[in-house]
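Shared between the two complexes below is chain A, which has chain B as its partner in the first and chain C in the second.
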Partner chain A sequence: MENKIPAYLVKPVADQKDLSETKGPRLAFLDKTILNSARAAKAIYVQAENSTVQSVIQKINPHIKLISLIYFLFIISIANRIEAQAVITAFIFSLYVLAKLKVFEVYKRTFLLAFIFGFVIVLPASLNLVTPGRIILNIMTFNKPSHFLIYTIPQNIGFTDDGFKVVLLIFLRILNSVSFGMLIVFTTSFPLFVKSFKILGVPDTFLMIITLAYKYIFILSRTIEETYFAFKSRLLGNIKNEKIREVISGRIFFIFKKSMRFYENTYNAMVSRAYQGKIILHSQKKLSYHDFVALFIIVVSGICIIYFL
Partner chain B sequence: MEEIISLKNINYSYYGKIPALKNINLSVKKGEMVAIIGLNGSGKSTLLHIINALILPDSGEFLFSGNPVTEKSVNNKTYGLQLRQTMGFIFQNPEIQLFCPTVFDELLFAPLQLSLPVETAVDRAEKTLSFLDIEYLKDRPVYMLSGGEKKKVAIASVLTMNPEILLIDEPLSSLDPKTQTFFIDLLLELNHAGKTLIFTTHHLDLVDHLQPRVAVLSDEHTIQKTGTASEILNDEEFLISVNLIHEHVHKHENGEHKHFHSHYVFHKH
Partner chain C sequence: MHIPDGYLSPQTYIPLFGVFVAAATVAVKKVKNEVSARNIPYLGMAAAFSFIIMMFNLPIPGGTSGHAVGSAVIAIIFGPWAAMLAVSVAIIIQALIFGDGGITAIGANCFNMAVFMPFTAYYIFRLFNNKTSKKSRISFSSFISGYLSLVLAAILTATEFGIQPLIASSADGKALYCPYDLKIAVPAMAVEHMLLFGIVEGIITAIIVNYFLKTEPSSIYALRERSKNE
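Up next is the complex of A and B:
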């Protein structure tokens, strides 16, 4: 049989240029970006997987979950006692256990957020400069108090017990709000949760746009990751960062064009299925006995927390 | 049988520069099954887009049930809805066709746009899920489906409109053999139920399985020949001329040889 294979293709790899001394391309900055993008895709997977676990929490209708979220955020914001917030924390934790979620994984993130926004940022507010009271931790002592216009710097500067209570209250509020929000997100299919906003009067078209955006983030993350791997698999030798940037900007343009094409085709698919400018979405399934029980428990728990604590 | 689609001297080009279809003449009767075959880039998908009035030809006449399809008629709300209701388009890439929050919403989308009562829409969606054996996907977000599942949902989302005509772009693309068999059976079943099927393919084996009337698009973007499946498939010389079968190397145990064949139909030694 006639062989038309170019000569270089039958040459052994060992005969080609030795690349052992060549420095590899510097892609650390890219790796980081791509890994973050891949992480976004993975997060969507994890969220979808969690929402399909069959437990009492996952089974609750997304409408009830949305109402519960709004109601509970209200309860958290008006509960002014640390004891009340602590009870709410315990209550939310028990819901996590019921939902069979990876409690440690979720709380790790929640605590980090609560620590930054509820502790580090508000900690200065517990100083006697801001919140007067009995100092329980002295951090600085001057010879005498100083006065400047309407401000007074006291002789001793330190954290007050009232200040600490305020910080702890804010920390718990943030912890509870974030963890309850995460509980809802992790136990509800995102598209169904978005659809539940229908009860708040959000137009169907807007809900569809959010759903599509979510879908595109997922598709785009995967495309970016795959494009990057294809790119990396063909990169050898010491390539200048400038060249890499040039290639990447070309790839970004390609992905942008691809998204445009995707959007046009999706629009055609909508038109072919009778879309004429106004989207009509179906409301979700009817509420079950289970949903009413869940709503009752949430409402009664909220009232008890406010009334008794 | 009543003529439902008639294309006369249709021409279409992309951006007025790249020709996609040239002087296309094709008519389809009610209840018929028609395959548009040709190589990649011959204009098969573009022709389906024109039949679905998603794009309009540069010149020529397109009649649907005897009425001309023009920009004006398509933009007429009542006529536009009638047209959409009658024709269902299943795209080659199901990814672009699935845009709703969940599978069930996909199936409800078209009936709700067509202002059908919610109960009817829900009933249709549930029956279609059961017909295609995909009830377990009902509440699944569409981006979490496999390729075969996406294709099934794409078909289901069109079937809930109960269209008279089904336009299917490359029905077997990216499907595993088992799912391909499922679709072949489904297409036959739908055709037996009275649906008009127009599909594009470059798989001659699919044409052999379904025995539709065939229109062959050439590399020059024109319809080279129309005829029954056996007329087209047995005209080996013609299929070679339009590059649908070609000479290729072949291995048998220890020996290799080369001859014209398409894997399923013309495997002659």
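Up next is the complex of A and C:
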């Protein structure tokens, strides 16, 4: 049968390369942005979902939770013995179980942060260059100690027992601080938690700004995700970095304009509800017997950790 | 740049929190005067934008990509007082919801990135811009304000780290918080920010300011204020 396809469709164009052979655009920066925005939206969603789980911890009044957070983080920061930090770790873990949170999910992130900031960054501090002490693992030996500018390099360089103790203490302190912070935040509705800052004397205006920003962030993260997916789907072949920077600057400007529109709309909505420039946040539900018991347990636990360990 | 929990002693994070609260109180009053009743939704938007701007990864000349801390660009676009509130709200949300930066270190992080950095960036921008409307001069001023403000903020952060072994160690001299003293913390933070992160911050600040300049120069606070003063 005769081929009826027009010749110009069959004939390859001389200067046109096969697209499958061309290098794809470098999209790592696009993926990173999509990942960042998706992560932000997911974190807000997970926080909101966890705060609605029905358990003993979620029922505690946000005021009590805020006081407990400040008090216990202070205890964690002044507990200078490894044993005390280990007891705190076990105590916080038991609170996670009580809160019926997805322990593995939350601890995965907590351990990652503690590993990076409490181990990877701090590990060099266990060398005798930073923390003197008995060397338990020798790494390098020189003929004699030497001096370089303001630094002294000893004859033997190695990890010390005191250095390992310092690393372990900092690792546990970071793990405990992050996990306790997450426990409180994940078991409380964020707007209610922010409102509870009132008891610390934070002005209502500032609290309202935080609450609004939190909502805008969620909406704008979704917008970025969608616009980037659309942008990525239209990319074909190589694009110069200069052009990409131009396009992304445009995306940032678009987000800025969109934020401005949100702000205008929000302001108009507030004015239509009789807003005259003053913000008064209504107080939350009254404290119950359950709340006082929770506060008592936290206060007594903190005192015991500091005095007995 | 975000200091995690456990690196700073209470002797450091409590005073820095106090300084931040005092600065934020002044900023609320200043911004209220500038944008009147609209200040709350305006600052909410600015805070969200300063949070969002950190999400954008840009390809940097040399084959890598990076994102900005954003304090410099926010200070140039919104002004230093609004930037102080916007960036501090972003830092508070980051610490509470995302675990980026410690809760005990909120005051220190806000002081470094929301108080010190925007003001440094804004005044460096004005100093180098020197009442000119030339695009190349504005780009250069933006770059230098992003670069220098980040490097100086990094040195400030390193100083806060570096004093920990001096002010908060155990009786036998062991570190209880950040174990690196000034002679380790300051060079380490200064060098990496001078050679890498500062340049990334500078380039991104210049790229964003350039785009705003080309599209809607009236939305740039630093240029608006300059023309008001002329």
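We adopt the following convention: the second predicted complex is superposed on the first by the 234 of 309 C-alpha atoms of A that agree within 3 Å, B and C clash if a C-alpha of one lies under 4 Å from a C-alpha of the other, contacts with A are read in each partner's own complex, and residues count from 1 in each chain.
FYI, contacts are C-beta pairs under 8 Å (C-beta built on N, C-alpha and C of every residue); 3 or more make two chains touch, one makes a residue touch a chain.
This is a predicted model, so every value here is computed, not measured.
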Partner chain(s) touched by A:T110 [first = chain B, second = chain C, both, neither]: second
Most chain A residues touched (candidates chain B, chain C): C
Which of chain B and chain C A:Y275 touches, first, second, both or neither: both
First (chain B), second (chain C), both or neither touched by A:S146: neither
Which of chain B and chain C A:N156 touches, first, second, both or neither: neither
Contacts of A:N138 with chain B and chain C, given as first, second, both or neither: neither
Touching partner for A:L212 - first (chain B), second (chain C), both, neither: both
Partner chain in contact with A:K195 - chain B first, chain C second, else both or neither: first
Which of chain B and chain C A:S94 touches, first, second, both or neither: neither
On chain A, the residue positions that both chain B and chain C contact, one per complex: 44, 190, 208, 211-212, 215, 262, 266, 270, 275-276, 279
Contact footprint of chain A on chain C as seen in their complex: 4-7, 9-10, 13, 24-25, 28, 32, 36-49, 51-59, 61, 65, 67, 77, 85-86, 89-90, 92-93, 95-99, 102-104, 170, 174-177, 179-180, 183-184, 207-208, 210-212, 215-216, 219
Of all residues in chain A, those that touch chain C in their complex: 26, 28-30, 32-33, 36-37, 39-40, 43-44, 47, 69, 73-74, 76-78, 80, 109-110, 113, 117-118, 122, 125, 130-131, 150-151, 162, 165-166, 169-170, 173-174, 177-178, 181-182, 185, 190, 193, 203, 205-206, 208-217, 220-221, 224, 241, 244-246, 248-253, 255-256, 259-260, 262-264, 266-267, 270, 275-277, 279
Residues of chain B touching chain A in the complex: 49, 52, 54, 77, 80-81, 84-85, 87-89, 91, 93, 95-97, 99-102, 104-105, 108-110, 112-114, 118, 121-122, 139, 141-144, 157-158, 161, 249, 256, 258
Interfacial residue positions of chain A with respect to chain B in the complex: 1, 44-45, 48, 189-192, 194-195, 207-208, 211-212, 215, 218-219, 262, 265-266, 268-276, 279-282
